[in-house]
Structures are given as structure tokens and as C-alpha cells.
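Notes to accompany the following structure.
Chain nomenclature is as follows: A, B, C and D, assigned in order of appearance, with residue numbering initiated at 1 for each chain independently.
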Amino acid sequence: MLDWEKLLEDDVFEIAGRRFRSRLIIGSGKFKSFQETKEVLEASGAEMITVAVRRVNITDPTKENLLDYIDPKKYLILPNTAGCYTAEEAIKTAMLAREATGINWVKLEVIGDQKTLLPDMEETLKAAKFLVKEGFVVLPYIFDDPVYAKKFEDVGCAAVMPLAAPIGSGLGLQNPYNLMFIKEAVSVPVIVDAGIGSAADIPPVMELGVDGILTNTALAEAKDPIRMAVAMKYAVIAGRLSYLAGRMPKRTYAVPSSPLKGVPYKS
Amino acid sequence: MLDWEKLLEDDVFEIAGRRFRSRLIIGSGKFKSFQETKEVLEASGAEMITVAVRRVNITDPTKENLLDYIDPKKYLILPNTAGCYTAEEAIKTAMLAREATGINWVKLEVIGDQKTLLPDMEETLKAAKFLVKEGFVVLPYIFDDPVYAKKFEDVGCAAVMPLAAPIGSGLGLQNPYNLMFIKEAVSVPVIVDAGIGSAADIPPVMELGVDGILTNTALAEAKDPIRMAVAMKYAVIAGRLSYLAGRMPKRTYAVPSSPLKGVPYKS
Amino acid sequence: MLDWEKLLEDDVFEIAGRRFRSRLIIGSGKFKSFQETKEVLEASGAEMITVAVRRVNITDPTKENLLDYIDPKKYLILPNTAGCYTAEEAIKTAMLAREATGINWVKLEVIGDQKTLLPDMEETLKAAKFLVKEGFVVLPYIFDDPVYAKKFEDVGCAAVMPLAAPIGSGLGLQNPYNLMFIKEAVSVPVIVDAGIGSAADIPPVMELGVDGILTNTALAEAKDPIRMAVAMKYAVIAGRLSYLAGRMPKRTYAVPSSPLKGVPYKS
Amino acid sequence: MLDWEKLLEDDVFEIAGRRFRSRLIIGSGKFKSFQETKEVLEASGAEMITVAVRRVNITDPTKENLLDYIDPKKYLILPNTAGCYTAEEAIKTAMLAREATGINWVKLEVIGDQKTLLPDMEETLKAAKFLVKEGFVVLPYIFDDPVYAKKFEDVGCAAVMPLAAPIGSGLGLQNPYNLMFIKEAVSVPVIVDAGIGSAADIPPVMELGVDGILTNTALAEAKDPIRMAVAMKYAVIAGRLSYLAGRMPKRTYAVPSSPLKGVPYKS
């Protein structure tokens, strides 16, 4: 067993009763080919890959199908409702995906604005309630609103997936306080789902105690996606280990004094 | 060979003709015991450890000696002049260390202010000139001043070691522009030498193309120094791979537009 | 007319048809006395003061009453529903305030979490709909969620009041992108309503084109509230003028190149 | 007397025995004409204007001369040595300016790098020593290095002028800690001299207790330089008043707790 595997052996990451060794989740959009998607997935060490039902074919076996590349015994395929603008559309898309694939997990996205792709919390909550009742394991993409995060847990979502920054922006974590507040507000796993731009954006999020990271554009648009996938694999491990290790306090001077700046932490 | 080893196989890190596989350097101060120092060093994967000649015994074989714990065939012991406030003191300390240990490398520190432990560039440059002439491999701890960094290269230093933030502060990188300017100004390796507070502080520095990282307090004062050492080992690897992979551009909106915020990068 | 008055003469700040010369709004909590509240209000140049109906007496004329200190001909008294945790409570509080004072404006607050005092967008929207129908001029305190901001405009709110950071935190603007997105999403005035810690926090918000600023704790807890009130008066003016003046582009080098870091701006 | 004038009446800003009411200093480069320079100067309320001897004519009365526009009884003309790359060049330039104008003040600039225009501290100190002995009132443009700042005070400089960011970058304050350390290290006035991009960049600097601000590009390149000049006039006033007022502590939660992020302050 490798050094990090040993140190993380008892550090369970579990969603809806399913255990994962990797805390990294890969999105499948924007890659050059299904072949590249597969190679990036393997390099990243991720065990879960999310697929936009409306954009990537996983429902029509007569055409080129991502499922021909990804072994569903090794990887959890997580259908998502990207491109839906109402609860109704999202519900239909989730039902269609389940029917075609037998997968009852869904990453629920209901977009509220075409320009920023920010989510519509009201519509997303409506769809989440419905899909939970229909027996889905629901992982909603949400705004980094701690009060709303709690509502999603309360209606039975298996995890919450707040953004770090807008989808596809690569801006990295904008508001560490909100993620910290969300971690305090809910008991289900918190997975950061948008805004990661490179490996360096991952450890600051993981050090807040966030449970996992989903990224797509930062992989697909890196000059070398495979190298970035391996970078992110270790960025997640480094961030998790650092969180568990417990960092030193921040000080203004060489002699202990008050912290002034930086990501939130608790002494 | 592991995934990251394969991807970094040709990525040479060399100082004064000596090659290192690890880009992490460990400081030996503030640990509970020489035994803990040794364990952290091993866990970190570092191949170089710096020792404050005035604080840690490496010159008197009749007392408990760090060299009894660290195998000089496996690790480069890098004596440093911490605690010196003039060029003269630093020169004397470096000479003493070389005489006692036979090591002709020195991490040169000349402190200019007791409260902040910020370096005195004028005195440090004076000492560097002298020690280079005396045949030392000189790695000076410097302020993040790009113009001065070039002067140290010009007098023959083997690397430059700018701070990210004050020694022992744990504040993380304060000014990414200065590190970027230093990387452009010099050809010798650039190693960031102070201010790292946790693993998350490392990849943003490495993504600037910085060659290596030295850290001490962040390890010694972590609640679990071993776990932090492994976290930092992978943070350095993740940051280096991410730098080599080439990150995506930053955008304000889902559709490509201008970057607004964050660490510097070149498109 | 003073220099800034001349330059801002045509720069109208209007809510629900009422014009204001000052873009600063003062909260009335936490001051030592009604007398101090009055002096700070006068020093700040604000023309609007918000009052927590549940905490500051404006409804019972038999007790010491803020309205005895503030001239309603000179200042708009803006009752708020601070301390309410449901739409129902907020509606009741707003109705009570209108009945007692004849004021049909309300700053609507429905808190979703006791620890962070973050707002509950779902309950706030419910109350907003109701109160707009009842003829109120509704200014809701909201999370910095651009999609929800639009919903509040759509139900007829006269302005939206997103937070810069949690109430009473003094942390300053956390996410400039969200404010920028809100300004693009809505046509009604955008007034930043929480998180200001000092005068320096104001111009970065105003330069985003935000229409006004509300602050309370930063005044009440300043060592010298009068001096801080005057500081904030001019910080708002400076920020507004700077926004209208149009800033230079950011550059990495002395020769024009790309912006890397800082508050968002459009070239 | 206006409100801010009254509150700042006893707040003396003095350099080398000369008192100034305004803490803003204007650079004279890059404007469209001497007429615009003059109008911006008047609008800004500044009482001091710096002039690059090598670029703006103040020494040859036979050509169009800035001194024909600026009344030396109302404004202190501060010649500067911009464009000099050695101590020797800077000394010559300062001597030439004094001879032609009779002004014995000099803003000393010795640039160390053409691309970043960062100063060369070694050469600048050499020139400062010489010019102080020659009877000049020397205000050196320096890197934000607290140890070097003290050296300039020690050789007799009348003030120190550290950068906030590179000249002409408009990036705003990059490292608040260094300015805080400089204020603690020296007794002479500290004037921030480069990197201001808009009015919003000024109050965060002033709240650190910095004594004054010099800006040029941010005025000359604003779309409306007059409006920006008035914005900056009030940004300086707001920042100074806020510093004197004493800000509230930062908190993570509505209930008092620790500050996490932002500009340094002392509790």
C-alpha cells in the first residue's frame, strides 16, 4: 500500500451507502473523443463520472455510446440534467436516463441563467423533492447558499454540490466562508461542483473539510488533459491529508499573533 | 513506476549540477526530537534538509547530533545561517559548518529585522559574494525582489530562495507577481523558502513555474506532522504536474471572456 | 455647489419614484443611544435610515421612540423585519410597522440561520410577493444569488439588497462576480446590505456599479462612529465618481498586457 | 469649514518641515496636455506634483514648460529621476533639476528592470546617500521591503515611497503586510507611490496608516481624468478618516469570533 493510501485507509467517502476511495469526480463534457474521456478518467483515479444526458449519448445503443468506453462495474456513471431550465425538464431528463440505463443516481442541474449558468435554487429544490420521492439518489448542483443547502438535505438529497465559481469559469474558490458554512449546516457529503480551473484550486477547498471535488472543463481544456488529471488526483489527496493533518495557525509576525488573511480555518 | 513518476521522469530539478527527484526541501527546526525530524523527512520524500547551524547540532560529535539520524548518502544536508544579522556572522557560521561537516553548500540567511525575520538584502549580497569566491554553493534566502534576485544570480549563487510570506507566518503566497517576475529575471532555480502554512499553499506557487519549495514550521506545527509531510509531498507533485499540463484560461462567463482574478498565468 | 456635488448632479439615485442625493443608507441598531444614532445619521449625509421594528421602538409613542429623534420630513424611515425567521413573521412585522407609522416601505429580512444570519431566499420571496400585493415598497435583503435577485425584481420589489458578507461580520466584499452578475440581471437598484467593515470596503463595491450601500455595525462599532460616518459618506462619493470616471485597465507589466487579479471590471 | 476639514484639522501631514493639507500627490506624466495636467491637479486637491525631469520640460524656459501652467507658490513641484538606471544618472538628473529650478526636493527613482520598472534598491540607496549630503530633501521610490525602508530613513531621507504594485500596472495593493511592516519600521512619512488603479485602491492603503498616496497613470488613463481626480481626492480623505476612526473587528459569525481574511489590522 502506498503512503497516502495507508494514511487515508480509514477515511471513508460514502454517498447513499456506496463507498468511494477517490474523492475526485470527473465530468465527461468537452473532451475530444470518448477515448480521451476514458483515458482522463483512468488517469484521474476517479470512480465516478457524470454525463450530460442531453449532450453525451448514453441512452441510444445504436450510436456511438460513452457506455461502450466506460466499464459500469468499475465506474459509477452519474447522469446529469445539464441544459435543463425548469424542474419539469430536469425531471423528464432524469426519468429518461434511468429508464435507458437502469441507473437511479442523478446529478440534478436546473440552470437559471444562460449567461452565467448559475443554478435556479427554487426549481432545483422542486425537482429534488420529486426525484427523491421517485426513488432517485439525488445530488443537486447548488449555489453556495448555506440556508438552501440545508433545504436540500431536508428533502432527502444524498449530497449537495455547491459551486466554487461559475461553471466553466476556471476562477477557483470565490467564497470560502460559504463552503465552511455549508459544511456546518449539513450532514450529507459536500462536493464542490464548478469553478475549478487547475490543480491549485483543489487543496484550498479540501482543507475546508469539503468531501469531494467534481471537475470537467479544467481537464478538457488543459493543454495536456492526462497530466492535469494526475495533478488533480494528487491535489485531492494532498488537500484531504492536509485537512486531516491540521494546519498551523496563521501569524503576522514570527512570534505568535493573529491571523490576518487567507482561507478560513479553525484553530 | 507510479503514474506521477512516469509523467515527471524527464522533469529535471538540478542545483549546481546535482539532480533531485523531489522538489520539496525540509527545514529541521522546531520538531519534538531528531527522531521526529527523521520520520517527517522520510515521509515527505524530500532529498534535502536544511539545518540551522546555530540551533541544531551538526558540528559537535560529542553531543546528540542530527547527523546520527540523517544518512548523508541519502540526503543532502544543507547548513543554514539562521540567526545571523550581519554578513560577517553569516560568513563565519558558513565556514564553521563547512569545516566541521565537509559540506560546502550553504543556505545563506542574513536577517534584517528581529520582529519579522525579513532578510537584509544588502548584507546577504555581501556575504553571498564572499562565500561564492570561497567555493561555496550558495543558496540565499531573499526578499521577493526581482531586481535583487538577479544580482544574486550575477554574483554566482546556485539558486535563489525568495519568501512567499514572513518566516513562520504560515500566511501563504502574498504576491504572485513578484515570483513570476523573479522566474523571468533569473536562470538559476527559484525555491520558495518561507511563509508556507499548509499543503494548499504549495500548488499556487508551483503553478507559477517555481522550481521548488522549502518548508519547516508548517510541518513542525501541524497537529500531525507525518500526515502533513505526505500531504506536502503530493502537493508539490500536483503543482508541478499542473504547471506542466498548462491550465485553462480564466473566464467571467460560461462563454470565453477575460480573466479577472487569481494567480497570474500566461495564456 | 461642491466639486463632487457638481459632478454628481445628474447622477440620479431613485427607488420607487423617490429620489435620493446620498447613496448611503444607515442602520439604526447597536448605537449607544438614540442621540448617537441621530448624530451619526447627520454626519453620514444619509437620507434613509432603517429600523428593526422588533428591536428599536418606532411603534409605541408612550416610550422613548427613535421617531422623536429623526425628522421624518428630512429622512426616510425604513422599517425592517430583522429577527424574523418565517415569511409569516416578517409579513406581520411589516404590517404592524405600517399601521403604527404610516410608512409603507419595508426592508424585508427573513433569516434562515441563527448563527450566520444568512437570509432564507424561499421565505423571503414568499413574503415579498405578499407585501408587494399589499401595496408595500419592498426592499428585500437577499443572498448574493443573481438568479434569485431576478425573481425578486419579477415579483415587483423596488430594489434588491444583496449581502457583501454576513451581517455583522465586517469582512467586506467576498464575491465581486455575484454583484456584477446581479447588476446585469436586474433593472431595479442594487444596494449592498451587509458585511461592510470600514470605509475601505465601500469603493470596491461602488466601482462595480452597485447603486447604494447600507451599513450599521461598521458605524456602531467603530471607535469613533462620527468620524467613520464621514469617512463612509466620502467613500460612497469616491466610489461612485470612480465608477463613472471609468478606470484604467490592469496590466502585469509597465507595457500593456493582461489583467491578472483584483475586482472585476469590463475593458 | 467642511465636515471632513474639521475632523482632519489637527491631522498634520508634514515632510521635511513642510505641511500639507492634502495627502494626495499627483504625477504629471501621460496627460494629453499641460492644460489637462493643470486641471487634474486642481481637481484633485493635491498640493504637490511630481515631474519626470527627463520627460517633461521644467528646465528649458525657451520651450513649452510645465512651470508655465503650475503656480509654484500654490504647488510644490517635485522633480523626479524617472528613466534613470544607475545612481550616477539619477544624481546628475537631480542636480540638473535643482540648478534649473532652484527646487532642492527630489523624488528619487533608480529603475532596475525595464520590463517591470521595479526599483534597484542598491543603486537607489547609493544615490540617496549622496543627494542627502548634497542638501536635497530626498523622497526615494522603493520596493516594499521593510528592511531597506529603514536604511533609507537611516541615511536621512525625508520620506519613503514604497510601491503597492508595479508602476503603471493599476493592480492595486498586493501585499498589505509589507506596508504595515514599513510603517512600524520607520518614523518618516510613508507614501505609496505606484500601482494604484482607481479610487478603490486608495482607502485600503490609507487604513494601514500610510501617510500619503502618489498616483499618475490611474488619472491619466481614466476615461474621465477630472472625475477620477475628484474621486481620488475623496478616497484619500475617506481612507484617512476611517483609519483615524478605528474600524470594527472582523468576525466569521454574527457572534464575535476570529477574523479570517482581508487587509491587516490590529485589534
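Note that in this section contacts are C-beta pairs under 8 Å (C-beta built on N, C-alpha and C of every residue); 3 or more make two chains touch, one makes a residue touch a chain.
For each chain, UniProt lists the protein as follows: A, B, C, D = Thiazole synthase.
Bear in mind that the values here come from a model prediction, so they are computed numbers and not experimental data.
If you take subunit B and subunit C together, the chains in touch with both are A, D.
Of all chains, the one whose Cα centroid sits at the greatest distance from that of subunit B is C. For the pair subunit A and subunit B, the distance between mean C-alpha positions equals 34 Å. We define each chain's centre as the mean of its Cα atoms; on that basis subunit A and subunit C are separated by 34 Å.
With centres defined as mean CA coordinates, subunit D is found 47 Å away from subunit A.
Annotation for subunit D: residues touching 2 or more other chains are 115-116, 166, 171, 177, 252, 259-263. If you check the complex, the residues on subunit A that touch subunit B are 2-4, 7, 43, 115-117, 166-172, 197-200, 202-204, 206-207, 217-218, 221-228, 230-235, 237-242, 244-255, 259-263.
Subunit A contributes residues 112-113, 115-116, 118-122, 125, 143, 145-148, 150-151, 165-166, 171, 174-175, 177-178, 181, 184-185 to its touches with subunit C in the complex.
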